[in-house]
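So that you can tell them apart, the chains are marked A, B, C and D in the order they are listed, and the count of residues begins at 1 in each.
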Amino acid sequence: MGSNLIGRAFESFKRIGEGLRTVLMHSFREPITKTYPDTVSQIAPHFRGRLALSVNPDTGEHLCISCRQCERVCPDKCIEITAHKSPETNKLELIDFKIDHGLCMFCGLCTEVCPTTCIINTNDFEMADYTRESLVYDLRRLTLTQEESAFYFEAKDMPKPKPKPPKPAPGAAPAAGAAPAGAKAAPVGAKAAPAEGAKPAAAAADAAKPAESAKPAAAPAEAAKPAAAPLEATKPAEDAKPAEAAAKPQDSSTEPAKTVGDTTAKPEEKPTASPEVKEAEKEKAPEQGADADKKEG
Amino acid sequence: MQDQGFMKSTIGKDFLYGGLVFLTICAFLGFLSNPATRDVIINNYYDIGMFFGIVGLGLFFIGIGARTPGVIAGGAIGSFIVLTAPQDALVRYLSLSALLFGIGMYGMIKSRNAVRVLMSIELMLNAVNINLIAFSRFVDPVQVKGQLFAIFILTVAAAEAAVGLAIVLAVYRNMSTVDMNKFNLLKW
Amino acid sequence: MDQYMILKDYVSSADAETALFYVIAILAISLSVGVISDRNIIRSGFILIGVFGAISGLFLMLQAQFLALAQVMIYAVGITLVVVIALMLTNPRSEREAVITEGDEFSQETGAVQFIQRLQQGTPAFVAVFSFFTIYLAIRSESWTPVTEKVSTDNVKVLGEALTTVYSLPFEFASVLLLAALIGAIMLAKAEKRQPAIESAED
Amino acid sequence: MIPNAPEIGKLLFIICFWICAIFLPVWLVSWAVGVLLPMLLEQGSPSMAMTATAETLRALTPIISVMVFIPINAMFMVLYERRALALFTVRLGPNRVGPDGLLQTAADAVKLLFKEDITPRGADAFMFTLAPIIFFAPSIFGALPLLAAITNNHSLYQITNLPTGIFYILAAASLPVVALVMAGWSSNNKYSLVGGLRAAAQAISYEIPLVLSLVTVCLMAGSLDVVKIAQQQDGGILNWNIAGGGALRGLDKAIQTKLGVETTPLITPQQSSDPTETPVAAPTTFEEVIHQYYPFEFLSYISAGVLIFCSFILLGLYLTGACAEINRIPFDLPEAESELVSGYNTEYSGIKFAIFFLAEFTNLFIVSSIATVMFLGGGDNPIPQWLLNKMPLEPIQKSLGAILSPFINGLHLIDPDTFWAAFWVIFKVYTFVFIAILIRGTLPRFRIDQLMDFGWKRLVPLSLIAFLVVVFARVLVVCHG
């Protein structure tokens, strides 16, 4: 018994020493903590974040066909679609699209059921706000820009929608609505993974390239504008921005590109965009930052 | 549970206590009736008068409805200060020890909770310790024998507390109470 | 060390000592009255620790450092144990009824019988006062001649030597007593296995 | 090379910063109260009252310096613990408030002070308020004898040099149990009550091995006086109590004789009790000295080895018991978060909770400094004297002395002995604290029956055996004391 006791004592000392050594050795490893607001780890492409409505990345026209399948399938009943049948074309036309993100549980059923892959989950998860009402996103805040749509289409590996026959007036309406949401969502998408280098940002820039190529078709007036190529990449978003009123789609298409420099509309359009977002925007996408500087100046 | 022994009956208790009171009064009066002792008392033990005055005052206050603990504490402190203020240090310590001993004894007799009885006994033992250490300080400061005895008393107190607590536990286990008035299995 | 002489002289002067003594004495007396009169047994346990603290202060004033510290060390833990056991044994509701400083209800008798009953309820007080007074008279009737010698600061050494040489036999007896008390306490307090019902009936 | 080097560097920086932040104020305050003010008072108007005031100030210096020290130290130790635990668990730890989280705990302290102080309904309000005070008071007063020991018996701290120092510390260390039971009971909360009861049971069980191990060290040293115990261990690691309580002192002396270093101290003076011990005719050769200190040749060598082994066991026993006394993991049953929602301090908030928190970390510091004084030689330099003499330190010392002499001799701002003693004490104490944190990061919590078994069936017999072995082995070797 005695020797057994002593043996057990030594055994337990050995074990404890082993444990202490292991723990001490852990202090030489690199910490796995991410300092979240500074660095956001890479988010998987199929991450189920905030819902959004994508547009055709090539043409910029809205993909929603008002079929209401998402509204029906939603377990939380957080989607509310307002549409009417256009007397001219005898087709459903989208008037408003509301998603209450306070109710949404991010199950992703609506994205699966959507026939046109219009409603998608974005990578945005920072939706904190001061009121419950501001969690109800309307069509304007939901709709993505062209570049973002392109980015998500590529990231999620979804087939690109076929462009509808060109139809400037209705097509520009959603694009105009997309502007503010895009202004907010783009930085987030760019912010998503700066730790591993600016890969997604680069992807976003890549995704913006087709938009650039498609731009002359959407807004031919801009082709004449003498500007640097990287600056051009972000033009459509900036272009659409001044035309914040969805009720006046004609203005946006007819107004010349000089309104890019118009800063009067900006405060109304980006009420929720925080300075940090702007910072991140400047860091991750210098061309955008330059653009923003230009706007502010 | 109705015990009809002599001590249990009210009449018997009355006789006993009445006799005690009578004897005390007689002894005191006899003490005073002797002129020699009376002189001695009046000359030397002036403090007796003060003491009885304080006790009477305390009884008066209790009579008019003061809270007993407050009266006891006030009376004890007052009588202690009055009695010992003109004395030298040794007598002060000894008087304090006597007073604490008296308080402990009161608690031991009066309390109904066995644990409190144990506490009172500890208090009495400590009072004795003060006594011994005061002697060792003022009478025998070189070979501190009083402190030695105090150490032994500490030992005894520890043993007493341990055994006492064990007994209380055992009693509680059998009777589900620690009320001293209900420990009446052992009769006369 | 001599830079503290002024301070030391002041502290050990008679006035300061007397004042300190009375402060501690009043503390001890009032706390011990609190011990026997507090309605809550657990509170009175904690107050008892205060009494012992005051008494150990007295020991320090009497220059018995070893005993003062032993007092704190033993009683702080010992009385805490008593308190813990009191906690486990007392039912707060029944404890609230058992107030020791209030007497039982008086009978309806009048006159001499009631007076005697009152007296008989005053017996504890009488005994306590009587014992205090007897001791006090005994103290006063003797004329003490205090020795003016200073207590040696190293009296722990004196104690230790006395305990291991002259008083080694009582010391051994004390340890045997402690051992016996330990074993006895364990035997008394050991729960018998056939009584699990009481444990559950406790709460 | 080391992937985590920046984090370790940050931790080291925090330690250095905070140690400066702790000890500079303590040093300045104690200098101002103990040296400067009395000096000014006495020079200003040399009256009796002024002298008395000056003496009072000097006598109050230890308590004032402790009062300055405790809160800042607790703030540092909380941060230290959090950062070090973060290192062990591959995290970052607090890194937001101030540069690299340097001020995190200061902010926490401010927050705690301004929080609402709630007394729960049905609680015994008086006891509820008294409990943190009783918990905190021993950590101020209990540490006082250590001050004299760790400052090399500096004249300002001499007043705390008690003849029964270690006994005083132990008495003070037994008091917090009362406060824990009191807090647990008065909170009117079942979790708190269970925590308090556990605290009582645990403290009583583990006090025995703790006290026995320290008593054994006192037996080796032959004194209860912490200053004496610390001074006995002067002169390098071979004299420390961890090396058998002076069992290797003969070896130390023998090496000195061989090297011809005739006990000429460079920094620290040789112990005062030494001349009475050494015989008149000093031995001259290595073998003679060895024979003098180890008179029974082989038996003595064996018992020296046994003593060294025993002193390691004693250190282990002490650390275990101390861990249990101050309720640290793996003995933190009274405040087990997962079972008792932090036990006895469940109901506490605001400044009362802050006091509990403060006292816990102060207790950790005190326990570590007791270990330092009793086992690791207090403020002693671990490098032996004869080795120091071999090193080319003299020019450095001379230049340092030339620079610092106005501070040393004019303002009495620096006492070099005390400075070095404090340096080594700080180093050793925070090493013990680090070990405590490492243990906290490693070991899981005991179950209550395992705790009791371990305490009563393993530690108590082990401490008794160690005591007996030391008693017998010490006869065969000439140790100090």
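We adopt the following convention: a residue touches a chain if its C-beta (ideal position, glycine included) is under 8 Å from a C-beta of that chain, and two chains touch if they have at least 3 such contacts.
Computed from a predicted structure; not experimentally measured.
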Item to complete: Quick one: how many steps at least from chain B to chain C, stepping chain to touching chain?
Response: 1
Practice prompt. Can you pull out the chain pair that has more C-beta pairs in contact than any other?
Written response: B-C
Worksheet entry | Whole-Å separation of chain centres (CA-atom averages), chain B against chain D | 45
Item to complete: Report the inter-chain centroid distance for chain A and chain B in whole angstrom, where each centroid is the mean of the CA atoms.
Response: 86
Discussion item. Taking the mean of the CA coordinates per chain, how far is chain A from chain D in Å?
Written reply: 58
Practice prompt. Just give me the whole-number Å value for how far the CA centre of chain C lies from that of chain D.
Written response: 33
Discussion item. Among all residues of chain C, which ones touch two or more of the remaining chains?
Written reply: 66, 70, 79, 81
Item to complete: Indicate the residues of chain D shared as contacts by at least two other chains.
Response: none
Item to complete: Enumerate the residues of chain B that touch no fewer than two other chains.
Response: none
Worksheet item: Among line, ring, star, complete and other, which one matches the pattern of chain touches?
Response: line
Discussion item. Touching pairs of chains, all of them, please.
Written reply: A-D, B-C, C-D
Item to complete: Could you pull out which chain A residues touch chain D in their complex?
Response: 16, 19-20, 22-24, 26-33, 35
Discussion item. Give the list of chain D residues in touch with chain C in this complex.
Written reply: 51-52, 55-56, 58-59, 124, 127, 155, 158-159, 162-164, 167-168, 170-172, 174-175, 177-178, 181-182, 185, 193, 197, 200-201, 203-204, 207, 224
Worksheet entry | Touching residues on chain B, where the partner in the complex is chain C | 10, 13-14, 17-18, 21, 44-45, 47-48, 51, 55, 68-69, 72-73, 76-77, 80-81, 83, 87-96, 98-107, 109-113, 115-116, 118-120, 122-123, 126, 129-130, 133-134, 136-145, 147-148, 150-152, 154-156, 158-163, 165-170, 172-173, 176-179
Item to complete: Would you mind writing out the residues of chain D in touch with chain A in their complex?
Response: 2-4, 7-8, 84, 86-92, 95, 438-439, 441-443
Worksheet item: Can you list the residues on chain C that touch chain B in the complex?
Response: 17-18, 21-22, 25-26, 28-30, 32-38, 41, 44-45, 48, 51-52, 55, 58-59, 62-64, 66-67, 70-71, 74-75, 78-79, 81-82, 85-86, 89-90, 94-95, 98, 100-102, 107, 113, 116-117, 119-120, 123-125, 127-129, 131-133, 135-137, 139-140, 144, 146-147, 149-152, 155, 158-159, 162-163, 167, 170, 174-175, 177-178, 180-182, 184-189, 191, 195, 198, 201
